[in-house]
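Labels run A, B, C and D following the written order; every chain starts at residue 1.
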Amino acid sequence: MTNIPMEAGLLLAGILFTLGLISVLIRRNIIFMLISVEIMLNAAGLAFIVAATRWAQPDGQVMFIFILTMAAAEVSVGLALILQLHHQLKTLDSDAANKMFG
Amino acid sequence: MILAWILIILMAGGVLAWIAGRLNTTLPRWIALVATFACLCMTVYLWIELPASTDAVGNWIMRFQTPWIPQWGISFHLALDGLSLLMLLLTFFLGILAILTSWREIDTKVGFFHFNLLWVLAGISGVFLTMDLFLFYFFWEVMLIPMYFLIGIWGHENRTYAAYKFFIFTQASGLLMLLSILGLYFVHGYSTGVYTFNYFELVGTSFAPEVGALLMAGFLAAFLVKLPVVPFHSWLPDAHSQAPTAGSVILAGLLLKTGAYGLLRFVIPMFPDAAQAFAPWAMLLGVIGILYGAILAFSQTDLKRLVAYTSVSHMGFVILGVFAFNELALQGVIMQMITHGLSTGALFLLAGFLYDRLHTRDIRKMGGFWTSVPKMGVIALVFVMASLGLPGLGNFIAEFLTLVGSWQANNWLTVFATLGLVAATAYSLRIMQKIFLGNTANHPALADLSLRELMIAVPLVVLILWLGLYPQPVLNTARASVTEQLQAYTNPKVAEPAQAMLQTEASDSLTIHTLKGRTYEPK
Amino acid sequence: MSRNDLLYLMPLLVLAGGAILNMLLVAVKRTHKIMYVLTILVHIGALLALYNIKNITAYTVYPLFILDGLAVFNLGLILLTSLAVTLLSYAYFEQREERKEEYYILLLLATLGACVLVISRHFASFFLGLEVLSVSLYSLIAYLRTRERSDEAGIKYLILAAFSSAFLLFGMALVYAVSGTMEFSGIGNYLSSSRELDTLLLTGFGLMIVGIGFKLGVVPFHMWAPDVYQGAPAPVTAFIATVSKGGMVALLIRFFSQAGGYRYPDMLLIFTIIAIASMFAGNLLALRQKNIKRLLAYSSISHLGYLLVAFLAGNKLGVEAVSFYLVAYFITSLGAFGVVTILSDKDRDADKLRDYRGLLWRRPVTAAIFIAMLLSLAGIPLTAGFVGKFYLLAAGVNTQLWLLVVMLVINSVIGLYYYIKVIAVMFAQPNAKREPRKLLHPVFYLTSGSTMMVLALLLVWVGINPNGLMQLIHGLLDTFIAAR
Amino acid sequence: MENLLWLIPALPFAGALLLILFGRRMPRNLVAILGAGSVGISALITLLIGFQFLSARPDFYVQQVWTWFDVAGFTPGIAFHLDALSLVFVFVVTFVGFLIHVYSAGYMADEEDFARFFACMNLFVGSMLMLVLADNLLLLYLGWEGVGLCSYLLIGFWYKNPANGYAARKAFIITRVGDTAMAIGLFILFQTFGTLNIQAILSEAPQTWPIGSQMAVLVAFLLLGGAVGKSGQLPLQTWLPDAMAGPTPVSALIHAATMVTAGVYLIARTNVIFELAPAAMLAVAIIGAVTLLIAGCTALTQYDLKRVLAYSTISQIGYMFLALGVGAWSAGIFHFMIHAFFKALLFLCAGAIIIALHHEQDMRQMGGLRRALPVVFWTFLIGAASLAALPLVTAGFYSKDQILWYALAGERGNVWLYLAALVGAFITAIYTFRMVFITFYGEAKTHVSHPPGMVMVVPLIILAILSIVGGFIELPHNFAHLTLFSDLLQPVLPGIAVDETIGESEWMFQLLAAGVALVGVFLAYLFFYARRTAFEESIARSSLAMAIRQFWFSGWGFDKLYDTLFVRPFVYLANINKNDIIDSVYNGLAAFARSVNKGLSQTQSGIMRWYMMGVVVGAILILTISLLP
């Protein structure tokens, strides 16, 4: 573990984050968007773990657990909302949810 | 304390009138009338008792100070000198006329109308009285909102646009002034360690030239827009022509004067160097205003708009005189403030009387009214003549003194300003020509002035004549203030040691102030 | 955890306990009235607990929390605001036939989240507070689920908030990776000891600004604001405009000054650009807006821009100004959204400009309050907004941020236009025939009405005599020494 | 007795005030009595004070009523100063004024606005008296503008015809142009001397300014500007003919006898300053000379009886200016007085004719009135003779002869000025008798319906007598040598030195002047009374003559010139800018803000991914700023 430099880990996290970012921007299906955001969050969690490893502290792992919990809560609320939205719009296309503008 | 009472009476009267408006429609009018009249009586009393109260500090007749926001050195600080006194007299006099003229004109939401009217008057009185810059800004804004309502609710057909324009122009410039006030506050604080908004302490602040120029620019912005000076005048014709008669009277007669008052009270004594550097430009603006306003007035067909542009023209004289920095010009300016208030107020009242009868302000639809309304014609004639500066009427004294004074400061600009008198003749006579002269054939006979209307108009005529023939009481009242505002200009060598004293005795600049005030010995 | 820790955290514990109690109550019996009263009591309890610790010098609950003057002040502000929102909510939700009880639980939780934000001194507590607040808000925004706009607003807020949280978290991770600590003060120490700034660190800060900026709703992270404001129920909108943003502002001040952000011109430049852009975008977007809630959203964008002026001024006067402005802005926003709440009917919120036509003649008192609120937003004297703006300008002038100050002035002028436009609509002649809407029994409006009256009086009182508030802020901030 | 001085202007003012306030409710007789009576009492007081003045011969009387105002040492008073010069003017104003008031009572008898007329007339007399009695220039300016106002009101008396209103406005505005120059002159005077008291200025000016100093010349020219405007001299003469729109008594009083000579008074009053400014003196003389020629020529071509008289007035005032310009101060004033008599007389006669012919003013519609209106004919003839300066018997001869003589022989005079004056005299004789012949001789064209009553006739007779007798108080020194008038004025106005080389031959020039006048009358007789010969006819009908006549008829095209030079550009400018170009700048700003709003609104598309893009862009920008060195 020690022979992997921190930068490499962070780079991986960064790549993951960017992938999530790009995915959230190009997806129109709300569920996929939600998943992509989760990827970004997890990338952040990874970065925390890498950082904690560098300093040999448990704090990073703690943060990761927090992130997981939060992501779970978020997804649950999110899915509920998406259900409701699908009920109303009969579609999961995020661009259809544009009744408010201007 | 009497000063605070003036404000309290007006504000409380306003609230009362609003409440009373829920009961019936006549009560608010009487409440407003009584409140304003009470204030007028108090001010007149102060004026008459003036010599008796010379034991007050310097030329300050009266003062009232109580801490307001001590953390910032803000106090509720009112003070009365000759200039303020004159302005208050004008305020309440025109206020009464405004109430009287609304007696029949306003028939909706009477209570709220008088609330706004009284609060405008309160704001204006506050501006004329306050000697704390924060409070000054406070009142400066307070007078705008009720005015906005007056225009926006009871105005003519295009009222919303006019009200916006009025509000935004004055607010924008006012905020710049607020910046300058803050700048002044901190500059003074840094150099003396005393953080205060007290006028008397700030007035002696010295600063680097460029700082002075910038700070003055902020103050000028507010006052020049309010005055108004071309090219910042464009709110005025709309606001004046769209406001109800009472609103127009107050706008033209009083609100514009707050700009002039600000120049006299703040710009002149606070920034002597910057003001002198700016003077030629200011005077140029004045001259441009005089001529430009006159040309525009000449082409208008809306009577109120026409009169509004004459205000632009007349206010050009004010800035011309203010930046001439001599007693003649300043006295002229003060006279101009008063007489313009009366004469233009009267013209707006006449426009209101006509609108009442004809329901139009378009002078192309008027003509030949002399036959049916000779009394109105005579009164109109008096004020048209006042507006073109006929000697024997107050405006002449004002304009002549201003021009004599400004001649000593700048010859060429004065020449052009004097040409403005010719242009004034052109547009003023146009009023007579189009409304009262000409063929009567295709007009219905109008009713001549009623008793109420005569009660409004005759005092104005008497006053304008009195000011034209014996203005000395007014000039005497204003004299001490004028000499004080000019302190930094008349004897610059004396000003230097005073400055030095200020730095050593910064905490007690009041005493220096007193010394300054006493240099003048009344005859 | 020591006894003292518990004592100092008591306000938060009361909130948390209250939320649980509410939850249990729902399980036993659904009664709107009892829930409502209980929530109010919880707020009062929390406020009492807060009163108990008002005279502290900075107390640290290691490692997550710190309770100093700034924290106490903001806790009080948030609790009072939340209380006001609660008071306004009853009549609003009573006339809607949904299950209204859970609303109060969520409201308490969201308040709790904001409170945690305000007192946090560590990334973990920062994150926790933020997420508790956010997740509660997702549900609150979409609470009236039969309204389609509600769902749209909720999903938008959810995805975007999670999206920006990811930025924030990634930024935190980078900062942590470089500095090795997640405490604000620790980061500050690291920064002051290190000579050269690491690229990763700067990236981290930059990403954190994205997350913070989103929550504040400043340009260019502002785009959610109008949609969410419009879609959310009016009381929730009031909550978002006040508590959620206020908590973040408090955190930003703490983080920035403890981490020593004022030392870095780049950071200041970023915030300056954000401030100016927010002012202009907010005001210009609001210019011709016909929807009151959207209009207020844009207005809040520009107000955050104004607020950043004092934030950038940075010294004690600046923090005082920010705090004062927050109070003024909270009162005003609550009042404005309160009016929207009162005027809303069963089917939709009163958010169209035409709903307000002739209001001054139909409902003079409500209209007068609304006018006062709008004038306060515009910064006209006699209102708290004026003193607040004056404070901001004073802070700006004092630090000689001339560019920002002049921009503030210009924007105040642009802003005037749309505020007085609304006022003008209110005093226009009412439409000839207007169906009087079906209203609830007047008693229901009693609390809302009296809340509004109190807010209006407070607005004018602070506008005329700001002494007490200024002294309070001044005194509390003695324990929080801002660094610049 | 001199304590009553203030009453002289005060009485007409009081009359005016009463008439304004209550005139509409008073019976006509009372109005007339009040109107004429107040002026009459003023005249009486003038007589009393005048007698005292003549017997005691003080330099002047001064009476300060109150201090007008007192600012920074500037203390003009409402104060009256009576010396010989003002006495002459006061006398003319009150007496001629009184006669014209009496006449008006008859002339205006059928008018609806009887009271308004008398109110204005009284106001005028009061202002005019203020003007001539003022002890400082500011008070003088008050009177100066006051008479302008009354002139405006009275020209536009018949307001229902818009043309009259426009004529009145024109008069006011054009004189105001001159007044502006005068006002600037006052500024300079005040700046130099610290006072506007006339006597103080006159006594200090020679010490302050050397002869020919720039300031003196400047001031003199500025004052001249005022004088030119008021007196209808070149280049500001165009208002006076139009001013004839007013009732005829008004023309007689204001636009012939008194107000228009205010310019003469002003120059005479400030003679010291003019003496210090030789260039200005020359200008006064030249203006006078040119004006008298131009106006005389124009008078030749007019058909409107009153317009002829109006141009004649301009021309005669030209003589006065000429006199003042060559330094013949008392000659100028003398001519003023005589002119006041005969021109008032002529106007009143014209008025009698006009009213007799139902407001017909065109001479071509008149004729043969000699028999129908004998009194009018004789008095008119006397006036005309005086105007034409028929030798020996008329007052006009004595006053005009003096001017001619000094124009040549005075130290500032020269041949050209003399020639102009001489030609002018010739033309005067022609147009005067053209008027007489066309109006009173030939066949009657309009029926006389309204013969004048006693109220109108008596003033005519008195004025006719004055027009003859008036001349005998000042006779040439080679002919009885009577100098009552110039002696009177001696303390106020400096005498004139005569070039001794020409002095010998004065009688020759007198003869020449007399001859010219007679020849002029004869020519008029040839052209306008007797049947024209073919030769004369061909001259009159030649195209050159027609063109000249047309040119002269239009007043030498001045109206057109000013119209294109000043009025049209001003009106054009005003009209194109009616909506205020500056306003559009602000509207432009507002429009700009609106369009930005439109653009920005597009960004709020409601599409979530777009919002995310915004966040990403923001993140990129922030990272760029923070990572760039």
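Here is the rule we use: a contact is a pair of C-beta atoms (placed from the backbone, for glycine too) under 8 Å apart; a residue touches a chain by one contact, two chains touch by 3 or more.
Just so it is clear, the structure is predicted and the values come from calculations on it, not from any experiment.
Taking the mean of each chain's C-alpha atoms, the chain whose centre lies closest to the overall C-alpha mean is B. Of the two interfaces, A-C and B-C, the higher number of touching C-beta pairs belongs to A-C. For the pair chain A and chain C, the distance between C-alpha centroids works out to 26 Å.
Centre-to-centre separation between chain B and chain C, using Cα means, comes to 43 Å. Note: centroid distance chain B to chain D, computed from Cα atoms, is 39 Å. Work out the mean CA point of chain A and of chain B, and you get 65 Å between them. Those residues of chain B in touch with two or more other chains do not exist in this structure. In chain A, the residues touching two or more other chains are 24, 33, 94, 97-102. Along chain C, residues 155-156, 159, 163, 167, 226-227, 417 each make contact with two or more other chains. All chain pairs in contact, by the document's touch criterion: A-C, A-D, B-C, B-D, C-D.
Residues 68-72, 109, 134, 137-138, 141-142, 144-145, 148-149, 152-153, 160, 163-164, 167-168, 171-172, 175-176, 178-179, 182-183, 185-186 of chain B are the ones touching chain C in the complex.
Against chain D, the residues of chain B that register as touching in their complex are 165, 230-231, 233-234, 237, 295-296, 298-300, 326-328, 331, 367-368, 370-371, 374, 378, 381, 385, 388, 390-392, 396-397, 400-401, 403-404, 407-408, 414-415, 418-419, 421-422, 425-426, 429-430, 432-433, 436-440, 469-472, 475, 479. Residue ranges on chain C touching chain A, taken from their complex, read 123-124, 127-128, 131, 134-135, 138-139, 142, 145, 148-149, 151-156, 158-159, 162-163, 165-167, 169-170, 172-174, 176-177, 180, 182, 200, 226-227, 230-231, 289, 291, 294. Remark: chain D residues 20, 24, 66-72, 74, 78, 116, 138, 141-142, 144-146, 149, 152-153, 156, 159-162, 164-166, 168-169, 172-173, 176-177, 179-180, 183-184, 186-188, 190-191, 570-571, 573-575, 577-578, 580, 582-583, 585-586 touch chain B in the complex. Considering their complex, residues 155-156, 159-160, 163-164, 167, 199, 202-203, 205-207, 209-210, 213-214, 219-224, 226-227, 266-267, 269-270, 273, 281, 284-285, 287-288, 414, 417 of chain C touch chain D.
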